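Report on the structure given below.
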């Protein structure tokens, strides 16, 4: 499946499929595949995956700055699905250096790339070196600036091992927020309680805020920066383009 | 304008008009007219009215159980628009009797009509006896159950003086939530901070809660009751029909 | 007992007694007596009284501006002790006039006497006209400025009916905060959850704040005013002196 | 000063001294000495030290689970005193292993030693290997169970380099909470806002809670465990004894 032409074909085929079918194919066609769970509404993928197989790899990134509600929620999901949830943590030295030199809120001055680099991208990179494929909850409707064109399946060149191929599946690419929440409510999927307090998107506590009626969900993330830069680096390919 | 046929004509004419034009007509054609302000996004009417005349009557209902944020917000609006904001308060005896007999949260058991009757409808009735017309922020998109058909102007038979006519204007009837919030943001209208914490609709503190993504705004009001009963009695005509 | 000399004697006798004994005497020697409950740690009196008689009169003042936690707590106490809790409410016209003219937070500018007058003193006065005696939770250690000398029993000249006598009992006068909380914890008395969030004294929401370590409890009330004025008027005699 | 008899002498001499004098001696007599700052009321040591020298070593332990208020406060202190605040962080692998295997709240089941070991003791141990002496904010009145006998200066055998000596100074050992807060208020020292919300002691968010009137400050820490175990391991010598 590493062939680029095949991948375009596969993508246009999967574009027609519902998330469950995409996920099923992804899980069956890749041995070393894991689901990235952010602690937000991408829990629908955890729910869908748990109905496909009892034995899925799921990981999440604990940046050391998540909301207390998110820590409680991650634990809830772990127990609800009887999941082996791998929780990645940033390197001591890198965090210590950054915050000892620039303080605990440097992202408000600098921009968030450095802090995301240390707390998210670093640990993710290390994890992805062990994988052939990963699954994310990215959706086109999340960000007009950076996610309008994400495919259902793509080559992830940013995080692939040298000489190897890393596939990235976005089974929710074509789902709207409406559909995601329809699924959550009709399947009684446990969700992060911050969503009921005005949080649309959920990331680190200092870099996420609740939004008001008529605001786009991405306005609650890194609100001091421009819309076209609002990616943390996990989805670097979105910006490269 | 008390003629029913004329009113239907007037309504179908006003249906084509933007809220500002409706409000302008309402204010110019009725001497004894007041704007009812709830402390929520109907602040757009206060903003529009303040641009038409420096001297508008605005009243609101302090039920004695509003959110602290709403009290602060009412004060903010009063000062921002240099408004004479008449704040109505429920009758001591009626409140005291209800809560001494049934406790402070009887509405969760009984239903909210009795408490709304004492805290909202009573004070409103007294006020409307002094008026020829009133203006509300009702919108069709607020409630599929009870507000789908509200006209722009109507006879208010529930609250009219005996033998007299009371007109009720709903200038926002045809506006969507989207349009209301577009106005608020583009005109920098001060809004209730609860809106940024997941509150779509705002009423009394024990009877309003924040809602999550994909929920209808009315799901945050009297959530233990059926959708078709979700009116407090201020807009009794919506339910009569 | 209306004789002044007798009262001084009675007071010095009661000074030696524990709160329970004082309360027992007060309840047995006055037919028309009621307990004033503020929704704070004076709940110990409700607990003590409920062990003396199943049929005590208890009232509290709902000013229309209490904390949500206090409303919930009042209801909890009502149910826990199966109490007839009379909840007094301020006069509609007086509140409406004050807040329509001066706004909802005039006390921060004016001082709190006018608002307390309308929301607390007025309703209390009306209630006390029906009584021969009332019981309060005042303690000497609450306020160096105004409560250092409160007796256990006293004539209440501020609120007595013309030509009649009103007795005021303060059974906790000599108890320390320590003793009150010792009682609450050892008897599992339900208490206002605000006490666990730094609130020592509890009154209206806009006029009460939590305090830090080493602050006196009265520093959390009407903090923009001088210590010697920190009475709402319920205990006017404290200031007259 | 490594002689044990000399140390007992030094301790009994320092017992008579005020914190500032103890701190001054500690800083002048040890070249490689650092102050451990917890983000709570031990800020008085930071304030005192800043008045002795512009160039003090201060470190704190970011466990990855502090309150948002504490992160903001650490930053505030850093800026207020123009401090080089070294922020230590736990090892990625150790945290990841613990929480991936046992979940994010294992301390509620197991006890807090394992989590404190990974998040606090490990990083501290690494830091103390570089030092000859450290300064802490421990006080005798903090914990009847574990801190009643802490000296002003002691040998820290738990964290010393092999073959070397590590001194531990507790300049506040004999100060009461009252004195600490007296200092904070009279010197306008910035303090953690959690202290105004009922928090006496402050540690990790899931393991600290606010306390009510009449509770001892240590009741807000690891409240599901016995009083004699309430040390995180930083002060292991307190328990050894």
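Letters A, B, C and D mark the chains in the order given here, with residues in each chain numbered from 1 onward.
Rule of thumb we're sticking to: contacts are C-beta pairs under 8 Å (C-beta built on N, C-alpha and C of every residue); 3 or more make two chains touch, one makes a residue touch a chain.
Everything quoted here is computed from the prediction, not taken from an experiment.
*Asks:* Touching chain C and chain D alike: which chains?
*Replies:* Common neighbours, chain C/chain D: none found.
*Asks:* Tell me whether chain A and chain D, two copies of the same sequence, contact each other through the same residue numbers or different ones, using over half shared as the line for same.
*Replies:* same
*Asks:* Comparing each of C-D, B-C or A-D with A-B, which pair has over half of its contact pairs in common by residue number?
*Replies:* Over half of the A-B contact pairs recur in C-D.
*Asks:* Using Cα averages as centroids, what's the distance between chain B and chain D in whole Å?
*Replies:* Chain B and chain D have C-alpha centres separated by 55 Å.
*Asks:* Could you grab the centroid distance between chain B and chain C? Build each centroid from C-alpha atoms only and quote it in angstrom.
*Replies:* 37
*Asks:* Provide the list of chain D residues touching at least two other chains, using ranges where the numbers run on.
*Replies:* There are none in chain D.
*Asks:* Taking the touch definition from the header, please name the shape of the chain graph: line, ring, star, complete or other.
*Replies:* ring
*Asks:* Which residues of chain C touch chain B in the complex?
*Replies:* The contact residues of chain C facing chain B are 62, 64-65, 68, 71-72, 74-75, 78-79, 84-93, 95-96, 99-100, 103-105, 123, 205-206.
*Asks:* If you look only at chain C, which of its residues touch chain D in the complex?
*Replies:* 41, 177-178, 181-182, 184-185, 191, 195-200, 210-214
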